[in-house]
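Questions regarding the structure given below will be posed in turn.
Per-chain residue numbering starts at 1, and chain names A, B, C and D are given in the order in which the chains are listed.
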Amino acid sequence: MSTARETIGIGMVGHAFMGAVHSHAWRNVHRFFPVAPIPRLAALGGRDEARAKAAAERFGWAAVETDWRALIARDDVDLVDICTPGDTHAEIAIAALEAGKHVLCEKPLANTLAEAEAMTTAAEKARENGVRSMVAFNYRRVPALAHARKLVASGALGRIRHVRTVYLQDWLSSSDSPMSWRLDKDKAGSGALGDLGAHIVDATQFVTGETVTGVSALTETFVGERPDGSGGTGQVTVDDCALFLGRLSGGGVASFEATRYALGRKNSMRLEVNGSKASLAFDSESMNELSWFDGGDPVTEAGFRRILVTEPAHPYLAAWWPPGHLLGYEHTFTHEIADLLTALGEGRDPAPSFADGLGVQRVLDAAGRSAAGQSRWTTTEGN
Amino acid sequence: MSTARETIGIGMVGHAFMGAVHSHAWRNVHRFFPVAPIPRLAALGGRDEARAKAAAERFGWAAVETDWRALIARDDVDLVDICTPGDTHAEIAIAALEAGKHVLCEKPLANTLAEAEAMTTAAEKARENGVRSMVAFNYRRVPALAHARKLVASGALGRIRHVRTVYLQDWLSSSDSPMSWRLDKDKAGSGALGDLGAHIVDATQFVTGETVTGVSALTETFVGERPDGSGGTGQVTVDDCALFLGRLSGGGVASFEATRYALGRKNSMRLEVNGSKASLAFDSESMNELSWFDGGDPVTEAGFRRILVTEPAHPYLAAWWPPGHLLGYEHTFTHEIADLLTALGEGRDPAPSFADGLGVQRVLDAAGRSAAGQSRWTTTEGN
Amino acid sequence: MSTARETIGIGMVGHAFMGAVHSHAWRNVHRFFPVAPIPRLAALGGRDEARAKAAAERFGWAAVETDWRALIARDDVDLVDICTPGDTHAEIAIAALEAGKHVLCEKPLANTLAEAEAMTTAAEKARENGVRSMVAFNYRRVPALAHARKLVASGALGRIRHVRTVYLQDWLSSSDSPMSWRLDKDKAGSGALGDLGAHIVDATQFVTGETVTGVSALTETFVGERPDGSGGTGQVTVDDCALFLGRLSGGGVASFEATRYALGRKNSMRLEVNGSKASLAFDSESMNELSWFDGGDPVTEAGFRRILVTEPAHPYLAAWWPPGHLLGYEHTFTHEIADLLTALGEGRDPAPSFADGLGVQRVLDAAGRSAAGQSRWTTTEGN
Amino acid sequence: MSTARETIGIGMVGHAFMGAVHSHAWRNVHRFFPVAPIPRLAALGGRDEARAKAAAERFGWAAVETDWRALIARDDVDLVDICTPGDTHAEIAIAALEAGKHVLCEKPLANTLAEAEAMTTAAEKARENGVRSMVAFNYRRVPALAHARKLVASGALGRIRHVRTVYLQDWLSSSDSPMSWRLDKDKAGSGALGDLGAHIVDATQFVTGETVTGVSALTETFVGERPDGSGGTGQVTVDDCALFLGRLSGGGVASFEATRYALGRKNSMRLEVNGSKASLAFDSESMNELSWFDGGDPVTEAGFRRILVTEPAHPYLAAWWPPGHLLGYEHTFTHEIADLLTALGEGRDPAPSFADGLGVQRVLDAAGRSAAGQSRWTTTEGN
């Protein structure tokens, strides 16, 4: 069978958890969405050749490169997808953009504010040459949250009074859980703050359409040493949890919590927004649902509605199954890549941009500084 | 990249809803499960050539056939996947089995008991020649229900006292909803009874490991005429809902309801099992969860647990994402096909067999006869 | 402090569970509702004098009688409240009515259809003399169900298609649970059918405003002998569970289940009604909530609403606390008695009448006959 | 009927919302709990004689006093129950204690830290003479929270890592809602902070058995002027919401939010505690339930349990109804008064003491100072 649809060559760096889920999206996106161009899985980048080859075969990539610079340089690579830890994002992304390749970069945009700023500058410069970039905040592509954004944008909530958002995991609850690169500040930049906090800050700014203008924060490391898997122990150099209060540009207030010690909460990213006219609530452990309270309902029939976000009229859903048939985690990446390819095909910038990612980084940076400074109020300059 | 894994050629008949979801599973199963052989999407069958070609391109099939007999005859087709309405199942399945092709057949197995019996006979004969068959009750592959089966089989529930199961949809709630082949007895065999009832009968027999030995039933057609889309009306010749009570081979009792008029319930397949030691409950609208009550818990800490069925130790989950990251509807088909291919690779019969499908059909048939006969108790002979 | 409000003397027979909760309602009703007359707790009837006296002191009754005939005969008793097992209802109620005393009778109205008919005849005769009677189906006074009735009566649900209702308890789940008068047919009349089934039949007829015109039923006794508490065993002579299907006078269908073996369900009386325009659902384990689906909501914002039935505009709520503050089980009895006293004060008949109780009894009787007769369809003559 | 049980004379000041619910508890406590002494409702204090008399008749008080000093002075008053706004608590409580009357004081203990300290000093002095005092944090008497405390105290949660607690109401969501004494700093001391924040701070310290050692806070007034009901507007001089982060004496962290702008949340006091071994969660809108996650459960059967806190073995429940029958809001006051009377009868100090109330006040005071000082970390000296 032949196809008239144009193609685009993808080079992806990194093949762990994020690499697996991105690969699935690249392979399947055009089976469900009428994207143009259609992705070709050109090359997979990984330092260990044997492991990279095994991953390429498993995930469906045509070639492997052990040096990401070589991957960027390939003629058959038009877009570079960065799925590596945060300490490498800036270098790879800037090089790719300078080489004229579009970039999709996993979140958080970078481990430091300086890197995020350099990346944003590079993205804006590349943009002048039609080279586009996007940061991969996949929760924006959960249909329930995309619909929440539409509801806020329509004015249905009125003035935003409150946002309360948490990202709760529990994989560090036991003091016996082993060290990991995610607990090493050099690799990960921060702990729960950057890994989980980035998602809830982005979700807050995305859903409300407002920015976080300042914060007061507290971080804590509950367990300072953990088994390193070889009989010794390793130092945990990042935060185990981060809590912060914030103000929104529209006059509302917000609270944020990111932790890996909420025993029993496996992957619970929750967001509640209270407006003057309506409220909404979301929990990623029930990601096909949106809770919705319409202040205009008759008082005797008012209550939070459990909207099953599976109707064809809901964002992304027309591509999938009949009402009541659920979507899963990886669909958010398929949606993300559908949006990216559609933007490329239409000659538009995809969202969220590196500037959006920088906006998140500014909040995380302010939180880190506040936590280090007696929780004093810290503004997020630039936001 | 080359692969040493053996392949198997798939020919699929039908390319509507079920065809789309089966195609997705055939394309991706080996990316997540270590199946051998690996499927090749050899040929897609569809009567309208243009539509079949469009579907083949979209879903990734290498060729199309407009005659299912030609599809069965192809040398590159080793397994025939039947995704057509129930009135065609028997003819295609029996022909495929006689041609030495393995068969995967969508549920319900057939529209009549006689057809189901003929298919089962053909399957058992083909089996002697190493030709294998399976009926596609995908709910068995929902991890929560697969885990429920394990819990019952382990003895954790003790004696089964009650099963209460419903399959609720609402797409006919309005009298204005149009006619469809699903409302035409000649095509569909029955209405909610066969379409939805088949799932809950199979789920009951699968999870409990028991059979339904007899039933008392009631069916109803609420709206007898519906707009036919061309200005006229069409006669609804099937049931709109079917309710039946049953007894289980182990001494317990069960209730069943299938309807398309449960306004607000989009696709709610629910199953609750009460045993002498524990209880479990499931709802497909929250399909990543299993409710579990352990009668052995201290009375002050006992309560239904909301198990998020997303742990690596849960059925099928090791292939997917970290705990707390949800799966969707189509995963059940990927699991089904993974189980089928694994059985083929290991030279075992896959489950559920056509005989299992026939066992479901006997219950549906008894329900139909009871409903037609003053709800009188009707045994399901053979079960 | 003096009060100008008229009083009414109450005589209550029985002082176990129902006696305790009725006493609480009689003592407190006028503190919250502007009823007239105000109840005086005149006399408590109980066969064992010592136990009756202890109960009277604890519950606040002014006198005791060991013979219910003497209690009826007292000049200071204007109304007789019957809280004894079902086998005594007919005799006491008829005698009280003939003595010109108003009667409140616990459900089920009687253990047999013949007794219920005699009671209804007596009630209708007494009514000509201004003597009034009411049967105590307290679930009608759960604010959520009273509100459900209002919604149906307003036409908001459109045509009723489905009722599905269950009453699940688990106190017999273990085979070691001891014998009780509730398991003895002579005392209790039936098991789960009359005790629990009476509630869900009444709730169905009350909420829908329709009657159950016929049923097909199945009953089962899972454990035939139980320890009698003195080293021996007693025969269980009633049903452990009863399941039945029914048709409603308006053309809809219904399912009913009553059981004491639903492990983990402590007192779960559930009712779901699906109409052509809206649906509602209730569970007594969350009795301050009503689930409500409005088919008129925009499809993207439609979902079951969790209405907290605690607004002043909800039935009975203006008498209690601010929104969001919950009511409990005994409030339903306070409401029941407030309605009764208000009707007496206004010279109206209270509801539900003995005739309503008889209507429930006819359904239970038909269910019993169907279960004994191969589940054959059995009409509820008179309904 | 006579009773041998000793009695105690109660004088209550204030007869609005809190007066109504306290009266109900005083009237009924001995009908359910074997308390000694038994309360006599001696006198009700209220400035407007006509309104006080009406309330006394409605609630069952034997006399009225228009001057609280006269009420304290009555010989038939042994215990003074203070149900007035916070600005009057100190004066009344101190006078009552000095007059040798036991005191029950509604929360918050006082409007200022200085008053709370003076009250605590007075209480400690009175205690030397056998005069006892208690502050009325009724949420401690919600069975689910009392059980939560027992679970933490038993060590079942291990080390406490996180507390997250909110108290959400919505009665100010509309800018049109009128002024009230609760929005006037002179009367109310503070807004959501003192009214709602006091409950969640006490609940945190009660359930964990730890103290909040410091906080960082933010407060906001969204709507500065509101209609005064007479055509003009009134100035809102208190906070509309208060959010704060805290640290616990055992090393954990906590977050607090109190607001009257959470549209759709009528009275949602929520508390989640994550320990190293188990987690628990509570929501007052489902106050008969406790969520419980036991980290020791097998990973495939672990999940938050919905414990229905209605078993006889649960705190306070043996006095009430069978399992699965719910309690309501006012039961918490009946429990509170049962505990108070039992302590008096046994010659013990009831809890929580004024010192406990002062401990809460210190946290609220620190939060107020932090909010006024750039959210800087503020320790709660004395805690």
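Points worth noting:
Basically, a contact is a pair of C-beta atoms (placed from the backbone, for glycine too) under 8 Å apart; a residue touches a chain by one contact, two chains touch by 3 or more.
The UniProt protein names, listed by chain, are A, B, C, D = Gfo/Idh/MocA family oxidoreductase.
In this text the structure is predicted, and so the values were computed from the model without any measurement.
Matching residue numbers shows that B-C is the pair in A-B, B-C or A-C whose interface repeats A-D, with more than half of the contact pairs in common.
Across the two candidate interfaces, B-D and C-D, the one carrying more C-beta contacts is C-D. As a whole-number value, the distance joining the C-alpha centres of chain B and chain C reads 42 Å.
Centre-to-centre, using mean CA coordinates, chain C is 36 Å away from chain D.
Between the CA-based centres of chain B and chain D the separation comes to 54 Å, rounded to the whole angstrom. In chain C, the residues that reach two or more other chains under the touch definition are 265, 302-304, 308. Contacts from chain C toward chain B in the complex involve residues 161-162, 164, 166, 170, 173-175, 216-218, 220, 222, 241, 243-245, 247, 251, 253, 255, 257, 259, 261-265, 272, 274-279, 293, 295, 302-304, 370, 374-377.
The part of chain D that touches chain B in the complex is made up of residues 147, 151, 289-290, 292, 294, 297, 299-308, 311, 313-314. The residues of chain D lying in touch with chain C in their complex are 1, 3, 17, 21, 23-24, 27-28, 31, 53, 56-62, 169, 171, 265-268, 284-288, 308, 310, 321-331.
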